[in-house]
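Consider the two complexes below, in which chain A is the common component and chain B and chain C are the respective partners.
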Partner chain A sequence: MSNDLDESLRAALRPVDPGEDLTRKVLAAVEQDSSRPPRGPLPPPGHPGWRWPSAVLAIALLVGLATAYHWQLRRQERGLEARRQLIEALQVTSEKLDLAYRVVNEQEHTENGS
Partner chain B sequence: MSQPSDTSEELLSRALAGEAPAFGELVRAQQRSVYSLALRMLGNRQKAEDLAQEVFLQLHRNLAAIESAAHLGFWLRRVTANRAIDRLRREPRAQMLPLEAADGVADEAEGADPLLMRQLRVLVGELPPTPRAVVLLRYQEDLDPTDIARALSMSIHTVKSHLKRSLAALRKGIDAAAQDEVGSST
Partner chain C sequence: MSARGHLAMLVPTLVLAARLACAEPPGQLLLPNFDSLTGKSIQSVNITLDSTLLGLAASFLDSSKPDDAATMQVVSGLRGIYVRSYTFNKDFPYPTADVETVRRQLVPPAWQRLVQVHSKEQANVDIYISVDHGRANGLAIISSEPRQFTIVNIVGSIDLKKLHQLEGKFGVPKLQLPDGQ
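Coming up: the complex of A and B.
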């Protein structure tokens, strides 16, 4: 049964001839394609065709580096400002504590004296 | 597809040397196979012609990469089958081909049952794209499973599995058609 089916399939699927019309169409398409300017490989390094892409790439790189540098500078400035504010706050707190300590000490001396 | 011969090798070298008439002869020698594969994959004469044209155009652009007449035949089958599968995946509605699969797409073999032949072509046309390509490459193009696996970039196990399942589906379809025939005649 399997061989019968194999043979029947081979008979049913015999290739068909498309006719000379297809050959003519194919050859016309090939001729038309051949007359177009060839799409060659990429130009070699140093070729004028690379000037624009190279310039755009260089500008993009410079802009990127400048942005990164600026961002880093801003980050450093913010850090220094935060540090300055913290030291100032600590100084104020220290002065307040010192004042409170002195007030308490003076009160103790007054009470002991009397 | 015709077997590679000295003539095919000679035609190929002349086409490679840029002789347009030799390329024309190559097209004539191979178009039967390329067109039939495209037709039975796509189920439409116009689409099959378009696909065959694209395949031969691609061949002309890549002729320098063809190493021998045998390689040429394999290359054409591989490109045609894969392009047809891609096209069917892009246009799922075109996956069924009731009309073309049935009528006028084969010179019937002598002594063959025309009804069975027609039924088989319809059933092959109803297979999903990849199994359909596997069956056509096996039974129309006479490729062995190893070459089909290479052509469709799949494992030989997958090819055998597609063949087994497709043959079972075809057998089932033929049996169902025979039952219908018996039912309608009684």
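Coming up: the complex of A and C.
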């Protein structure tokens, strides 16, 4: 029983000659591949393939510049408005401190006079 | 411990963390919304400058100009300026409840009243200062006149002498205080 199994395994796994056909097919495929022009990583400058990427890059650059300019303009507007508010706040604060001082001064004068 | 038990412990911790994160810095008041006054006033000033906006404003000051340099001196060390001021064309009764919510925050030991004045012309000015470890970190002014109502809250390290240096600049009135006061 076990001898039968061994025999059938040996028969199934015996080396088989691939034959002339396989060698010929492999050599033909290698020859065909080497006859193709070599593929570079990027097309040369001026190649029509560059048009779209160049346009996209230029648009992205313009959008980026416009965004940066707009951001800077907004920052300047906000900064100038904050500066105006700061000065106004300090004016109001000083006015109220002045009012307190004047009232205290008046009261002191009244007390000294009476 | 069950998932519900973990959740029961986590929620109060998160609430406390959120409260701490939202807590006002020392010297800062919670100002009420005076929207009702805006419509009745002929002029209103509503200024909210937090530390970010103060920094931005300071970056637009020119240190080579004396006026701007003096302002930069005042602003350095400040973390916020909040002003609410309303002017009316006739004597106007202010919403005392709103004013009281502000006054209730101005209590010792955090706040000390520096000045309380009442003039014959019914101008009342209260000035409070918040002091922490011997350093002033907040100033509050509540001024009520018959036709004007103002609350100012300055947060941060305040040097009144520096504020004094601003007199006569940018339309800031001459305080006529002797140096050092």
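Everything below uses one rule, namely that the second predicted complex is superposed on the first by the 73 of 114 C-alpha atoms of A that agree within 3 Å, B and C clash if a C-alpha of one lies under 4 Å from a C-alpha of the other, contacts with A are read in each partner's own complex, and residues count from 1 in each chain.
Keep in mind that, in the parts below, a contact is a pair of C-beta atoms (placed from the backbone, for glycine too) under 8 Å apart; a residue touches a chain by one contact, two chains touch by 3 or more.
This is a predicted model, so every value here is computed, not measured.
Participant: For A:25, decide between first (touching chain B), second (touching chain C), both and neither.
Facilitator: first
Participant: One more residue to check, A:33. First (chain B), second (chain C), both or neither?
Facilitator: first
Participant: Between chain B (first) and chain C (second), which, if any, makes contact with A:10: first, second, both or neither?
Facilitator: first
Participant: Regarding the shared-chain residue A:46, is it in contact with chain B (first), chain C (second), both, or neither?
Facilitator: Neither partner.
Participant: After the superposition on A, what does A:104 contact: first (chain B), second (chain C), both or neither?
Facilitator: Second partner only, chain C.
Participant: Taking the contacts chain A makes with chain B in one complex and with chain C in the other, which residues are shared?
Facilitator: The overlap between the chain B and chain C interfaces on chain A is empty, containing no residue.
Participant: Per the contact definition, I'd like the list of chain C residues that touch chain A in the complex.
Facilitator: 45, 47, 49, 53-54, 56-61, 71, 74-75, 81, 83, 85, 115, 117-120, 123, 125, 127, 141, 143, 145, 150, 152, 154, 160, 163, 166-167, 170-177
Participant: Taking the touch rule as given, give the residues of chain B at its contact with chain A in the complex, in rising order.
Facilitator: 1, 20, 23-24, 27-28, 31-33, 35-36, 39-40, 48-49, 52-53, 56-57, 60-61, 105-109, 112, 116-118, 120-121, 124, 135-136, 139-140, 142, 167, 170-171, 174
Participant: Considering only the defined contacts, which chain A positions touch chain B in the complex?
Facilitator: Within the complex, chain A touches chain B at residues 1-2, 5-6, 8-18, 22-23, 25-27, 29-31, 33-34.
Participant: For the complex, which residues does chain A have touching chain C?
Facilitator: Result: residues 75-76, 78-80, 82-83, 85-104, 106-107 of chain A touch chain C.
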